[in-house]
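One chain, subunit A, links the two complexes that follow: it is found with subunit B in the first and with subunit C in the second.
Here is the complex of A and B:
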């Protein structure tokens, strides 16, 4: 089975809170001293693909849309023994919105050729929009299963997908090809690479395409989606003492003050 | 007649057919020689390693730990008994050589005063001491039975055999003295005693017969022992001196080998084929004394890890002709199990304790390297620490701090800002990113400022030195971090580094030189002690607390720094410091080294709690530390154990700063 795993490089979500800043004018997070890392749900998706390949054979191709530096996350995927890697370079500053990314991915995937399943993380740890998977399925005209935790082979040409829901799980069967977004689960905790594979990952070929190569207009980067305002929520604490002669009086005063405050919010 | 200058005795009195002895000598030597030869062949199968540089230092080590038995003496009872047997046999061997020179080579040296003082009196006394030593060993092995010993038939057999040889020697001597009415008999007091007793119970004729029979039995037993020894643990008579001569000369902190990634077929070691000849010699040099396991902190709290059994199990494999040298030994025995390998704190206590300089801990790390780099199989929390190290340059996942948060309100500059700094203050991840330790670094920075030291930090440019990666076994990650840090340090032309983390200290001092980074490195205790002795800091307001100092393994045992922190403790309080039962070389690990601070230990097997117990055994109000890991581990341990006692954990820099803070600037 040919599996394509889409991978996104994001700003390290574990950056110490005090170091996290946003540029309100540009409406984006400041890079600052933070590192760039692989989005965790993308790692879960890759892990799911690796386990499927271990059990049933096949080939894994990882694809990313991003700046040159996104090569790092693809090299990490190669170190985890993904077979091939493709980077579609998008140098445009600012937000790459989900529809643009989905269209670019779809174009790249068509160019890669035959595949049976496309796996994505359920959402990215930066904006958390969670739209790319669904939009990609739409672009490719394929069925989409979201919030999946594992894949298993079913009848020829079909696959069984276990999907998490609010109240438990569902077991779905779908024809292939299809798009699956993966969520985290105790069974798809990302593994760490063997050092030998890390060393070799630098020697593995990595295909780079420009947007033009896949037939996407660079100007469409943020054409579908706009961030109206961006700020870090501020936490404020105010302390007020309620006065009263007796305990009863204090409680009454407290209750009425509380109602006031609640109304004001 | 009784002229002492003529004193001697007839060699081989009462013995005919002496040729039989010479005839037997040949096969004896043949069997023994073959035993040694086979071992040497096995060592030669190991990879190469140079352990023959600096011969003078090596001879000195051999003298100290071989001839003088200094390490063995560190444990009084076994040290004493071993010295008695060891020296007893040395003297007996010299005596036999004297007989040979006199009788076989015809050089009459066994005469006169030499005969009386050495060949009779000294030899008699040392022979008796050896018997006492064997008795003490027998008491220990058969009655006291400490768990650190290995209980085998072989060990029992050797002890009995040596005892019989020694006792029969005295019988032979005694009967000769009695039967020949030896005028010099009194010079052999114990032989004389046998003679006097025998005269009461036996006729001279009986003595002559008994002498002859016993003499031949004694001979057979001695030859038997010589032939058998190379096949038993007694081979350490040969292997220990070899191992002491080829011992590591660098401090324990410099034991880990660099890997040549370009040319290594396998990363780390998981089979005999990965070991050098010296590792293999280590296996054969083990005396089974068990001291390493007795001091192992993990073993002490009831974990599986036993450095002694790691060595002995590898030895069994190395000496098993059926064993495939390329077969993985990981998991082959409980001591070699993955579980045990992940219990080592790399404290180095085993290496320090071994009387024959065996290097147990590096073999553990070599095996971890295989598990981490080839198998990528190791505890998940350690994986997370290393992943964080790789992506964020520090192993402390989830920290709320950046590398410069601790400087708030202080006038601390970075190397990039301050072009004229003399000293780089290396803060370390533990210092910068763990809240409790930030207070330590703040104290240190204030002390340096007060003393007028021009220092700066790297700030956000600092990355973990890589110590946890190296001890956990990811040598690849370690070498990348080392190269990156060395490049940064080069960029600022750093010459002098002061750090409050002994792990960083050790890495700069002993490991970065392997990668071309050479600096003058001070642990903050050394640097502060220097500032105090130069009069640049004075502790005018010592506290009134009783302080005990906990030696960090990577400062003490790994690098031999014991006194500087104690000087600071001394001047920080007006009360005399107290020592814990285990301190200095013998210090007990906090449990946090070797990546173990990233592992959740079972609640009933926590090394830090055992150390906390030892702290609480003293009457100290404060336990002084000199390491961010010790700080965290001991605070946890003390909090769990202290009950309603008020015992604090403080870094030496904090203690000194308290005592200096209000002093007028000098």
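Here is the complex of A and C:
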């Protein structure tokens, strides 16, 4: 099975809130001293693809749309033993418009050629729009299954997808090709690359295309949405720490506060 | 033309989500000087239809054998078929799994723009403005939707319901949609992870556990505490990823967005991504041994202690308080 995994480089979402700044005029997050990392759900998607390939064979191509520096996340994916990588260079700063990204990914995927499944993270840890998968499916005219945690072979030309729902989970079966968005699950926690594979990742094929190479003209793509404002909310409650001379006294006082709240229900 | 459509899944019934979606829809329609059109897909109950009619200008009920159970491609096709002739200005959905997965694709098929996890929606000139948390809840963005319709999934349970007083109920219409079974995707099976009581999203009291619990065992203790409190159980992403509890318990940016009267976080540090899921709670409180844990910044009151020393005696005390 040929699997394409789309991955995105983002500002490290683990940076503490106190170190996070935005440029309200530019309506962008400030890079500051934060690292750029692979979006966690994209790592979950790659891990899901790697496990499928280990069990059933196939080939994994990772694709990213981003600046030159996004090569780093593709190299890391190659170190995790993805077979090939493609970077479509988009230097436009600021918000990545989800429809623009979906169209660019669709164009790149068509240029790559034959594939059976496209896996993406369910959303990114920066803007968190959660739309690229759905929009990509529409651009490619394919079915889409969201919030999946694993894939398994089904009838010839089909795949079974286990996905999470509000009340539990579902098993869906789809013909291929299809688009799948991946969510986090205990079984797709990303692995750590082996040192040997990191060395070898620099010898693996990494193709770079410009937007023009894939036939995308940014000027002719009408905007989907814009950021009108970006700010950091100043909302902190003053926490009253429960005091008491003994542990028992503190627990009693805490219990009283809980009871008070629950009685008002 | 230019109306506001609210999509209501029949299966969920007249729940807080349906009420919140219609509340937001009513206010948006009023500010646009437009009509509010509720759309119900699937076999429905009277409570939902009557509740929706009371605050809407019309309720379209589309029942079809293929809409008996949710199917991503079929429900999408049905919504497109109903929305397209209406040429709406906005289509609003709730923040359940299915609403989230439908929104972007629906926007694409209607030539519009989507945005999700909205905590606010307003008209600004010729655009719709959607307020939402970004960067894992560290920042708030106002997104201007360039295309029409704006397809928006909302933090529905945090939205005020509309007041039906002084309003003639909207007309209820049965609509026929022409649907064919999708030849590509089939639902093989559905599994509900058995959990007693109300849904987490509708729960009034929640007891939630995190990474600091260190394993699945302490969740049993938390469960006893929750039972005493009449609370539902939840967990942070770390606890779900570790496999200690089912993924459907996860609360946070990518889990459930809850809005209880009381949220008790036990051994949860309170990363901004977790806060995104609980910010609509009335009272947040925590037990954590680290006084600097970020969770306390969001608490009305809190207890700095090792949870292991607290849970047992706390449960006994609460049982006594009754």
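Structural remarks
Assume the second predicted complex is superposed on the first by the 232 of 265 C-alpha atoms of A that agree within 3 Å, B and C clash if a C-alpha of one lies under 4 Å from a C-alpha of the other, contacts with A are read in each partner's own complex, and residues count from 1 in each chain.
Please note the rule applied: a residue touches a chain if its C-beta (ideal position, glycine included) is under 8 Å from a C-beta of that chain, and two chains touch if they have at least 3 such contacts.
Remember, it's a predicted structure, so these values are computed and weren't measured experimentally.
Touching more residues of subunit A than its counterpart among subunit B and subunit C is C.
Shared-chain residue A:219: touches no atom of subunit B or subunit C. Using the contact criterion defined above for the overlaid structures, shared-chain residue A:155 touches neither subunit B nor subunit C, since it reaches no partner. In the superposed model, A:195 makes contact with subunit B only, not with subunit C. In the superposition on chain A, A:114 makes contact with neither subunit B nor subunit C. When the two complexes are overlaid on their common chain A, residue A:25 makes contact with neither subunit B nor subunit C.
Of the two partner chains placed by superposition, subunit B and subunit C are both touched by A:17. Residue contacts after overlaying the shared chain place A:233 against subunit C, while subunit B stays out of touching range. Overlap of the subunit B and subunit C interfaces on subunit A comprises residues 14, 16-17, 189. On subunit C, the positions that touch subunit A within their shared complex are 72-73, 96-98, 100-101, 103-105, 108-109, 113-117, 124, 129, 133-136, 138-147, 182-193, 199, 201, 204-205, 229-230, 237, 240-243, 246-248, 253-254, 256, 261-262, 264, 271-273, 283-285, 287, 291, 294, 296-305, 309-310, 313-314, 317-318, 321.
On the subunit A side of its complex with subunit C, the touching residues are 11, 13-14, 16-17, 20, 22, 27, 29, 41, 98-99, 122-123, 125-131, 133-135, 137-139, 143-147, 149, 160, 164-175, 178, 183-186, 189, 222-233, 236-237, 239-242, 247-248, 250-252, 254-259, 261-262, 264-265. Subunit B meets subunit A in the complex at residues 261, 267, 372-376, 380, 383, 386-388, 391-393, 397-402, 405, 460, 474-476. In the complex of the two chains, the subunit A residues touching subunit B come out as 12, 14, 16-19, 33, 35, 37, 189, 191-196, 198-199.
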